[in-house]
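Naming follows writing order (A, B and C), and every chain is counted from residue 1.
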Amino acid sequence: MTKNSTTGWFAVVLGAFYLFGTTLVPIFDAGDQTGPRAFPYLVSAVVILSGLGLLVKDWRSAKRVPFSWGFSTDRAIWLKILATMVAGIVYGLVLDSLGYLIATFLFMVAVSELINVGRHAQNLVIAVAFSLVTFISFALILKLSLPRGLLGGILPF
Amino acid sequence: MIGKWRVLSGLIATAMVAATAAPALAEDWKPQRPIEIIAPAGPGGGWDLIARTMQKALTEEKLVDKPIIVTNKPGGGGATGWNYLKGKSGQGEFLAANSPLILQNNLLGKSDLTYKNFFMLANLMAEWEVVAVKADSPWKTGKEFFEAMKKDPSSMHIGVGPALGNDDHIQFLTLTKAFGADPKAVKFVVYPNTAAEQIPALLGGHIQAITISLAETLEQVKAGKLRILGVSSPERVSELPNVPTWKEQGVDFVFPHWRGVMAAPGLSPAQQKFWTETIDKMVKSKTWKDSLETLGWDDYYTPSTDYVTFLDKQDTLMRESLTDVGLIK
Amino acid sequence: MEAILHNLGLGLEVALTPNNIMWVFIGGLLGTIIGMLPGLGPATGVAVLIPITYGMNPATALITMSAVYYGAMFGGSRASIMINTPGDASAIVSCFDGYPMAKKGKAGSALAISAIASFVGGMIGMVCLVFFTEPVAAMALKFGPAEKFSLMLFALTATITLSEGSILKGFIAMGIGFMLATIGIDGQSGAIRFTMGIDDLQDGIDFLVVMIGLYAVTEVFKNFSAMDVKYDIDAKSIGRVWVSWPDFKKSIGPMLRGSPLGFLIGVLPGAGGTIATFLSYAVEKSVTKKPAEFGKGAIQGLAGPEAANNACSCGALVPLLTLGIPGSGTAAVMLGALMMLGVRPGPILFEQHPEIAWGVIASMLVGNIMLLMINLPLAVPLVRLLKIPQRIMLPLILGMGYMGTYFLNYASFDFILVSLAALAGYMLVKLSIPIPPMVLALILGGMTEQSFRNSLTIANGSLSIFWEQPISLAFLVLAAISLVYALNKQKKLMKMPSTPEEEAD
């Protein structure tokens, strides 16, 4: 697979998937004659045709450089990316129940440990400082609502 | 100690018989923490304005002794904010602004939430709906307009926003039917940015009429750019004494675009009592009345029980109009 | 003409009172700071201010709020340049060349030219506003859905043809953007589309969430693979916040082209700032002799769009002046606050309260000068941030990105979207699929589809409306020209011997 053929196949599959989704969109009597499906049909046509175009271009091309995602060669990087994503999603899930201060502190510790490897003390300082400074400036000074969570009853402000 | 218990259990027994909780305890409840009024939309819109007006009136009249925060939770045509309120079951410190969308979202299948999921505290204010055309257009009354529509529906394009199925849309459908035209043949042009797009489109001649709330058109009418064919209020509005109501034009149609306030589900009778009384005091206060005046809103105060009856009726009416045009199957 | 000058004089009287000057400064500074933070844009800035304005007279309130508004526009591009995270949609384009400039150690020049270009754009926009409001407003009314659709089609085509990489990949990117934009409830029919049963998607995907993922978080991912690479930063030049004469000379043309372009597009209601900045970038890239430098730190690619953006916000005041209708979301927030103060915005606001309306316009002249004075010195501490090592900076960028996401909708579901968008962004970069067409299509998607369908409703189903209206036809022709031009260029490139890297596209 080259970069172009990967992209081409990706576009064709994505476009087909979207096209299938479009056929599932309900149509009501009310609304306009054009309806909710017309525009998505156009979009899937553009994506599928462009994908096919890339595939044709790739088959005709003389010099074909193989492309790899590097899942095995750059394994450490992909794992880091995955870990960051998981940290972000978990951060969102616990934000309301733990409260902004605790959740943000935990998230910052997690991502700092991933990036700033081994310097635990520094990471703790960054995490505490970041969560406190942002909470004070947004929740207390600008009065935007941030979840208070577990600390809700204890916070003096 | 024993005596106290006996009194208490006696009270509870009485309460159970009467199917209400102990009135002696009911006196006691007051908000324990900062109060949160949820505006289920971004800043600047109707819900935000009413939440902030309540915040102002409750604070300035010292009706509560805890601070009040307005929280903007936009999304799902109100559903995001209301779901958040639903999650605060039994907590008396949370209120949310609402509007007919709480009925329409459910009718249109966009949301499972209904007004029955909450403690409906009070209906607060109403705006009125109008149909407006360009000041130099040939139609002067509702009748003339809808006659033209009957003749050639494809030449009449009606601007509505931000989406079909709202009060503006329902007003127009009901009127079309009442004037004897076919609601299904109406060509609606949807403007997601509402008045900001609808009014230029009307002035530029791209569409022939808009169905919209009165406040959005008031200044345009005063400036002589638009003409209002009719208004959905029971009597003529004081700012536009020359504009006839739909009722005067022979259509039995009074249609408020209201906004109210509700509290979390599962409140104790004590909590319910606190809020019904507090809101009752608020709507009678000077701060509240002055704010309504500056915002150009009509007082439409309906306390809790009557509010629920009102919602039952509105629900039926809207179901009919939306079923007529096929938005509900 | 005389009436205009008289009114302007009246406005200056209001704007130049010490009290109002003070509020312009406070508002401008607050706006700049809020605008710098990802996720917090002008609308939030103005909303935060509403409680403070309760006690003010309406003129001061509106002056303060508009100071926050354009302060946030100045500030928005700071974050684009420093950490590749646009503060709002109109600051996306500032990432294209602003961030590469910072990486090359030219952050000082980038920050300075963006402040200067914003100033120039704002001033030219103000002059246009004062003198050309009437004719431009009349033109704007002619703009129906067909014209709007064709304009957006042109903006998209221009962005595709001028993006890095092949045109086919550009179209794929645009398609992905449109796909994301169609997720959620269709306003016209109420049909729920492509939500895959997830209720949180009903409202659609907030493009700002995707943007934070695609730019800020993806940037962190990219750095994972090059952690130890030191940017080529000259320690001496880092603190200098000024533009060299040759750089400035290169920026004059883009600023003078971007400003009127931005003003004209700003007059049309909708996503003016986004279209204006993307189009200005496209214009600069097509007139330059060295298009290869674009995206790698060309100062013209920063100066033009910055000027266009600020001129655009002046243009957005035209509907406000002539019709009393807000031209942007932020203006709508401002009008809401005005209503609480008892002032009803409308076409006769200017006759009833000329001191408010013209006071605000005059205060913007004052504000522009003041913001230039705030932003140039502010760049000095900002530039120092680059000295913070990457291993500390990257977690902070992640923290800010996720926090900013929360402020957009207060929805934890968006944290999932940000993470996925970041991963998608990383993979798209690996495949050399250009990001800009995708982002633009995502932002304009809803409006593109709506104006397409509205056109067809108005024309009773006939597609001919798109070429029968002269303005619409003109944009379609422009779109076609840009496509043909780009295809030709690509053919020429194919014939030339190329490096293996380029061949891959």
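Heads up, the rule we're going with is that contacts are C-beta pairs under 8 Å (C-beta built on N, C-alpha and C of every residue); 3 or more make two chains touch, one makes a residue touch a chain.
Note that the structure is a prediction, hence the values are computed from the model and not measured.
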item	value
From chain A, the most remote chain by mean C-alpha position	B
Chain whose Cα mean lies nearest the overall Cα mean	C
Where chain A and chain B are represented by their mean Cα positions, the distance between them in whole Å	37
Cα-centroid distance, chain A relative to chain C, in whole angstrom	22
Multi-chain contact residues (two or more partners), chain B	71-72, 164, 187-188, 190, 327
Two or more partner chains touched - positions in chain A	28, 30-32, 143, 145
Shared interface positions of chain C, touching two or more other chains	44, 188-190, 192, 410, 453-454, 457
Chain B partner contacts - residues on chain C that touch it in the complex	43-44, 46-47, 50, 54, 140-145, 185, 187-190, 192, 199, 202-203, 269-270, 319, 323-327, 329, 332-337, 339-342, 344-349, 409-411, 446-447, 450, 453-454, 457-458, 460
Chain C-touching residues of chain A, taken from the complex the two chains share	2-4, 6-7, 10-11, 14-15, 18, 21-22, 25-28, 30-36, 38-40, 43-44, 46-47, 50-51, 53-54, 57, 61, 63, 65, 67, 69, 74, 77, 80-81, 84-85, 88-89, 91-93, 95-96, 104, 107-108, 111-112, 115-117, 122-123, 126, 130, 134, 138, 142-146
Complex contact set, residues of chain C against chain A	34, 44, 48, 51, 166, 168-169, 171-172, 174-176, 178-179, 182, 186, 188-194, 217, 220-221, 224-225, 227, 391-392, 394-396, 398-399, 402-403, 406-407, 410, 412-416, 418-420, 422-423, 426-427, 430-433, 449, 452-454, 456-457, 461, 500, 503-505
Touch list for chain B against partner chain A, complex	33, 36, 69, 71-72, 164, 184, 187-188, 190, 325-327, 329
Residue ranges of chain B touching chain C (in the complex, touch as defined)	42-45, 48-49, 52-53, 56, 71-77, 79-80, 108-110, 154, 157, 162-165, 187-193, 195-197, 199-201, 203-207, 218-220, 222-223, 225, 291, 294-296, 327
